[in-house]
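Chain IDs A, B and C follow the sequence of writing; residue 1 opens each chain.
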Amino acid sequence: MNKPVISDVSEPNGLHQKPLLEVRDLSVVFDTPEGTVEVVDSVSLKVQPGRTLGLVGESGSGKSVTCLATLGLLAARGRVTGGEVLFNDRDLLSISEAEMSKLRGCEVAMVFQDPMVSLNPVRSIGWQISESLILHQGLSRDAAAKRTIGLLDMVGIPNAKNRSDEYPHQFSGGMSQRAMIAMAIACQPKLLIADEPTTALDVTIQAQILELLSDLKKELNMALILITHDLGVIAEAADDVAVMYAGRVVEEAPVLELFDAPLHHYTLGLLNSLPRVDRKVDRLSAIEGAAPPPQEFVTGCRFEARCGSCGDACSGIRPDFTEVSPGRRVACMHPMSIS
Amino acid sequence: MSIQQIEPSPVIRVRRGWLSSRLHRWGLGGEWLVTIAMIYIAFILFVAVFGFTFQPYPHTQQDLFNQLQPPVFMGGSWEHILGTDDLGRDVLSRLIRGLRLSVLIGVVGTAIGAILGSFLGVVAAHFRGWVEEILMMLVDVQVSLPFIIFALAVLAFVGNSLTILIIVVGIDGWERYARLARSMVLSANQKDYVLAVRSLGLGHFRIYWRHVLPNIMGTLIVQATINLPGVILLESTLSFLGLGVQPPLTSLGQILGVGRDYLILAPWIAVAPGLVIFFLTLSIAIVGDWLRDRLDPTLK
Amino acid sequence: MFTLWIVVTAVFFVLRASGDPLLSVFSLGTPEATLDVFRVKWGIDKSMWQQYLIYIADILQGDFGTSFFDGREAWDIVMERLPKTLLLGGTTFGVSIVAGVALGAFAALKHGSMWDRGIMTAAVASFSMPSYFLALLLILFFSLKMRWLPTAGASTWLHLILPATTLGLTLAGSIARFTRSAMLEVLRQSYMRTARAKGAPKFRQIAWHALPNAAIPTVTVIGFQLGWLIGGSVVIETVFAWPGAGRLFITAVGVRDFAVVQLFILMVASTVITANLLVDILYGYLDPRISVTGGNN
């Protein structure tokens, strides 16, 4: 199996460090008119300082919800029903909204999927970026404005001084996303969560944005959670990967090992369905069936219906994690063997 | 604490009575307010149409020995349940009679306005060019003047017959139908289904009548329910001011107008019709809102 | 401007269509000769078209005609009464906007709660209520029963309370409704989540992010309510015997005083048109996506 080219490999094992963010057994439900639905089921994640965690899964797997929950940004219908989110030894789920506000944008920041609708249309870009600076660092209006221009420069927006006074509708998709990123890193957060930052953009812009994120990460010594459904993005930008399916984490591994030797059948299916440049295939392989919606989540292994290699033990019991090696776990009764 | 699975809580099983399930089928399950409003409207309509059969007294019958009697719950007698007015006429009877006229004027007026306004809108959208220009200009003129002022001027100067009143009152808000109809027809004319039918050679009138109109009808009807309370209020205001329905005809607003002079002595003369009007317009507004939510939740 | 001209013309002809104004001034037995004198004096002996042209010419010179009743210049008569109307209207408008916007925003923030439903039901009730009925109810309670507030005239500021409240409640009701729906729409937007993710405290999110966006459609609506306010004040002034221009209009209409009626309508129309223009400009200012120079409509 060919190894995809990975451009940036930092220390393969930053694992002896204390994790910057640790999510433990987080569960989230949504209260809908039809009843309460669980969308995230006991998810645990670790993010090491200065490293990128790629969170991959299809729509509905709960990856976005997990991250929104860690920052307390769930929509009104969402509720956390269990677990802890440890950031610098504080459980983010138990602190007050006021304290959370101080953290957001300052130590942990988030960038969203569609920048065109995520920016306030009636405020200039400069104003919106300066707002972070004024809020968290107490800068004066002028000082903030100057820094804003510097930030816009840093994210690669040409003619930063003039563009700072422009409004979101005057920016293109790629530019808006850069502006959003500038806004997020304004206070040099230790952790940046990027929720599908490139999905709404053209492919050519995608690469630029990923490169930007990677540069910023190095410059600011920032950890990054990169949420995506695109394995190509993972290959390009992630250091560690967590694969989510139907509200649960099914596999975790450093990126090279994941692509080299996936352990979970879902991961294998995902990798197999990638188009390949190196050999000819008649048909793209796909995983049969479709991911279940949250209302249909079962207690046992949720991939069982589509998995080709399950046995009797698979249904009915939730598969526990098997720790294969440090930083490498899989939740499967019959994982692939390691070569 | 990890929860493996939360079963979607079963929809609460309520043992529903017959009435409740009927209501639920019409999407009214949780909406008791709308239901009450509908019942009230139905009641009013019933009284408007059949009221004269159980009206206790002829509404013009004067009884000068019994002037300004209070209603039965304020110390009066059961002979005049809602009391009497300054000429001894039974308030309840006058109310029933007045209601009939108010409802008539309101409904007919709204219909006139809706049809006229929509028609103009369709015409403007069809012919474009100077026809449309003129219509838009008329709309601008209408918008620049609060309707009641316009109505007062017309009624005072042109005349006060019932026909004129109904027409004037009905025209209130015509420009909304015209605008709506025009923009909907304009966009409908671009739609493929109309182009297809037109290419088959169907005449214009038929196209509008059978293809375009049914589609825009819903929005226009919703607009009518929005306008109806306004029309009723307008008529009652004009009558209150003495420039609407003239005696011996009586409408709710007119009774109120009379009642104003006797506010201290006999407040019921004014309060009774006022409450009737208020609840009527309120009910129509509530039902209209509900209707709008049902037909097109994207409309606001 | 053009619209205004149409309004004036239309009104002119409609009014003239009503018949001889003399009949309402003079009793039936007056000799023709006397009537003729007045006809000449008031210029109604000429044909309609001539009258019209003279009228327009006069207006352009600032002469709005003479009242049939008073004998004075229509302009003076109206101007005399205008301040009172402005006082009532202005106060009402100001208070309603503040109250309406505050209540509407509050309802939106507490969406779905009892507060929300309560405020909305009250709002719907307030504009379903005939304003004159509300006026009577308030009079009944506050003046006659409780004797707290006066009912007629405009001598003290106490006199202002009842009429302003009557008009104001209805106006505040519709403003609240619109503000609420505008706010709800805004609160759903992604950029509100971004503001929250930035660490903006709740107050800031609302004041600096939500409201400026919600203000845009709200301002438009408020501008349109001005026309309604003028119409309503005509009625309310009558009920409360408030000596303003609205009441003047009612009396003038009752006696078919051309000059005053025409002038009044002219003024109302120009006010509404100006207000709409202002709203357009304000809209362009508030929403950077609209270019004011690009023109609208």
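Methods note: a residue touches a chain if its C-beta (ideal position, glycine included) is under 8 Å from a C-beta of that chain, and two chains touch if they have at least 3 such contacts.
Nothing here was measured: the structure is a model prediction, and the numbers come from that model.
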Chain whose average C-alpha position is farthest from subunit C's own: A
Chain pair whose interface holds the most contacting C-beta pairs: B-C
Interchain centroid distance [CA atoms averaged], subunit B/subunit C, Å: 23
Subunit A-subunit C separation of Cα centroids, rounded to whole Å: 55
Multi-chain contact residues (two or more partners), subunit C: none
Junction residues of subunit B - those touching two or more other chains: none
Touch list for subunit B against partner subunit C, complex: 33, 137, 140-141, 143-150, 152-154, 156-159, 229, 233, 236-237, 240-241, 243, 253, 256, 259-260, 263-264, 267, 270-271, 274, 277-278, 281-282, 284-286, 289, 300
Subunit C contact footprint on subunit A (complex, rising order): 71, 73, 97-98, 101-106, 109-110, 112, 114, 117-124, 131-132, 135-136, 167, 169, 180, 183
Residue ranges of subunit C touching subunit A (in the complex, touch as defined): 189-191, 193-202, 204, 208-209, 212-213, 216, 286-289
Sites on subunit C touched by subunit B in the complex: 2-4, 6-7, 10-11, 14-15, 17-18, 121, 124-125, 127-133, 136-137, 139-140, 144, 181, 185, 227-228, 230-232, 234-235, 238-239, 249-250, 253-254, 256, 261, 264-265, 268-269, 272-273, 276
